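What follows is a set of structures to go through.
Next come two complexes, and both contain subunit A; in the first it sits with subunit B, in the second with subunit C.
After this line comes the complex of A and B, so read on.
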């Protein structure tokens, strides 16, 4: 039961970290290596609003998500748009932006271990004989809501359908009158909001530190590679594979191997199925 | 009437004249440059930087350092070694040390490098350039002073005024655990450490010694990689196996996740942090929403948390708080402050900045400092530790109690006894 409960928590945590990254890549083909920095900056924005401006928690969260979304959109509009289609340049530029944000935060004094966000609901409960705190339950519920919400948005909303169209075939979508750059801006906005959402759900579990940006980026990349770059379903499935594998490693092997699991999953995937679990388009290219 | 004011003005100016010449004379003297290689983005680095600067400001305000017949001011050059950040190679820290020596013309080195691996690697540079260095923060490896003892002629320029892990374990952590065990009838230990060399070695040493003391050590130490964000399985295992004390040895920020989880799950085992960087900062209690209550940590030297180890302890504590608007934040503060004063004392006794003479003078150091009597072992250049501030450098193990950091070990300086959380009280 413990493995089941904490396996789900760990998997949803990984899915939340990765969904924003995979959404941007799936729609606009942009590998947003500033993803981890956007995660961290959301935490610090919420913290600043809460502690400096004394904004109520919910309002601070909404405002921070909006600001992070706008930062993401601005990154595309002012920088990435100029190098669109040049994969290596996109990686270098987005990573550099992420680095600048993270180091800028550090330079601005956001260092140390005392920046934290309060838990949404304090305390814990016994779930089928397993003790679990409410914040982790919030993480699971929020993760489920995000996944469900994304599915509904991309299936029943005009903008969501346009985003899906872009993800499936950008040229065909453009022929139907969908503006590629506008959709890319929107995808960066949504991807950044998702990174921020992961931050506000996960950061109350510990503290806000700049280093988390690098860890989140690595985990997001691991999940996306295993799931198949750009596939939302693949990312969720990969999050569950890696999440449970990590918990099983902790229980049956040793905790210090849990980080190796994610890296090992990347290596095994790249050797056996480079397109990942659900990277269908790439798989076709591989066969050809 | 006017003439009266003019005469008075001239008199006042006349009285101030010698002071202004004095200040000018001090400023005109070439400063003694202290190079401080520190991981400034991390607690052990920035608190050391603040402490060094505070000491330098105080010394300069008192007229500087007497080198022979001349009084010279101190100047500090701080450079970021980044050696506590994941993925930053040791060579970066070495370049920083070299830059301080060659570009910034540092006369002495005080501070780091902070990570043990980098501090060990820097020893060769210090030897090559014959620069006297006083290590004050971070590095705890016993290999540092063992190397000095084994190859004195080469490494004689290296001193360490803070602690080292062997003493920390054998002289402080184990006696403190034994004391807790006796007082509360606890004898089941669960060990959780970070996957870094000092923590793994420390965890194993504690496991071995506590087993010899008759404690039941539950399994092998659980080793967590840096960046771990979930400790639930380890905590549930500790709970299931009936652990009464959880020994934590971690310097990663994610330790706060562990402690929050411990509190939320009400694990009936005392969280005893041998090294627990997340707990040390004065803001930890508030940041953890009170979940840091009962957490214990070792801050290596007295003065990093409030105590009355010597008359100078609270003098330093209050001066730091006044200067930086925050209390001394953890390991590296009192030792860095003390290092500057110790260097001043040695230079004044040597009467020169010559490295060989200052080494000899440092070896003869015997003064009452912030955390007790400060003396160096003449062979290994490690500060002589003790649990009695009248005999040597004392450490501090503290517990968060009602939002305050209360020293609970050693009993010569303690401010209170260890308290168990309510869910552990029978």
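After this line comes the complex of A and C, so read on.
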């Protein structure tokens, strides 16, 4: 029971971390290595708004998500747009931006264990013999809501459908009047908001530390590679595979093997099935 | 009135289009015929603006140098500098070579993505129209685009382009690789679309015979040059053209 509950919590956590990354990659083919930095920066923005400007919690969260989204869009608009389509340059540039943000935060004095966010609802609950705090339940609910919301958005909304069109064939989408630059900026905005949303939900469970940026990036990449790059269904599925694998290692082996599981998952996937669990796009192409 | 003046396209030093000019009157069906690598697709990409995107991507990657010269005029306005999406908004929609269906989206979703520019009412009306002229798509509504046959994909590609509410529809090799039966059906549909919706249609093909009954005017491209143009009879009267493109 413990494994089940914490497995689900951990899986949804991973899914939340990865969805923004996979969304951006899926739509504009951009591996956004600044993802982790966007995650951390949201935490610090919320903290600053709460503690220095005394903004109410909910308003601070919404404001921070908006700001993070705009930062992401600005990164794309001012920098990444110039190297669009060159994967290596995109990785180097976005990773450099991420490093600059993270180390800039550290240099600016955001270090140590003093930065924490309050839980949305304090307290905990006994679920079939397992003690679980409300914040983790919020995480699961929020994760489910985000996944459901994304699914509805990309299947029924005009813009969401256009994003999916662009994800599959950028030029064919252009011919139908879809502006690819605008859609790429929008995908970066949404991806950054999702990174921020993950941060807002997850950071109250611990401290806001700069190092989290690197961890989140590695987790996001692990989930995306196992799930098949750019596949949203695959990412969610992979989050559950890795999530439960991690909890099982924690229970039966040792807690500090958690990160090893993620890295191992990348290696095993790349050896056995390089296109990932749901690398359907490639498989379809091979069949045709 | 849609017009191209003195289009020249170079890929590095290779001349892909050499001083090509077109004049397209409203509600006509215009054929563009030529062999492989005669410049048909380059012409379509230049008219629809996709060439600008190709040029930009190549420039960024330090690849092939693409040079585009000339004018594309829509109702007297030069739209050569417009991005493809902006040209589509002006009613210039390309249904590309090899169809380029969205393979992971269903037939209905493909059509809805095509309706990005349409209002809700136009979307509904055009959707009904597409299913009316291509009834074969109705039972396939929820099938993924990648699992359709070539003919079904072509119907879907044309339907998807119609959803974008074109005034001028460009079809790049719509009959390629299809059986004569499907070809004949598509040719009928193309004429119907022009007659019922008043859309101007530019259609390119290697082999002109299936299209000759429906075109109002045609151009023959050879090595990037428009070597001959004329109405149906003019083309048929030229013995070289007859043997090379019509097979009669």
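Rule of thumb we're sticking to: the second predicted complex is superposed on the first by the 282 of 288 C-alpha atoms of A that agree within 3 Å, B and C clash if a C-alpha of one lies under 4 Å from a C-alpha of the other, contacts with A are read in each partner's own complex, and residues count from 1 in each chain.
Following the convention adopted for this analysis, a contact is a pair of C-beta atoms (placed from the backbone, for glycine too) under 8 Å apart; a residue touches a chain by one contact, two chains touch by 3 or more.
Computed from a prediction, not measured in an experiment: that's the story for all the values here.
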| item | value |
| --- | --- |
| Partner chain in contact with A:275 - subunit B first, subunit C second, else both or neither | neither |
| Subunit B versus subunit C as contact partner of A:179, first or second or both or neither | second |
| Which superposed partner A:124 touches (first subunit B, second subunit C, both, neither) | first |
| Which superposed partner A:192 touches (first subunit B, second subunit C, both, neither) | neither |
| First, second, both or neither for A:22, with subunit B first and subunit C second | neither |
| First, second, both or neither for A:214, with subunit B first and subunit C second | first |
| Touched partner set for A:116, first subunit B, second subunit C, both or neither | first |
| If touched residues of subunit A are counted for subunit B and for subunit C, the larger one | B |
| Interface residues, subunit A side, partner subunit C - complex | 82-86, 155, 158, 161-162, 164-165, 168-169, 171-180, 280-281, 284-285, 288 |
| Residue ranges of subunit A in contact with subunit B within the complex | 2, 6, 9-10, 13, 106, 111-116, 118-119, 122-124, 130-133, 135, 202, 205-207, 209-211, 214-215, 247, 250-251, 254-256, 258-259 |
| Partner subunit A, residues of subunit B touching it in the complex | 41-43, 46, 85-87, 195, 222-225, 227-230, 232-234, 236, 239, 253-254, 256-257, 260-261, 264-266, 277-278, 281, 283-284, 286-289, 329 |
| Complex contact set, residues of subunit C against subunit A | 48-50, 53, 57, 60-61, 83-86, 88-89, 93-96, 100-105, 109, 112-117, 146, 160-161, 163-164 |
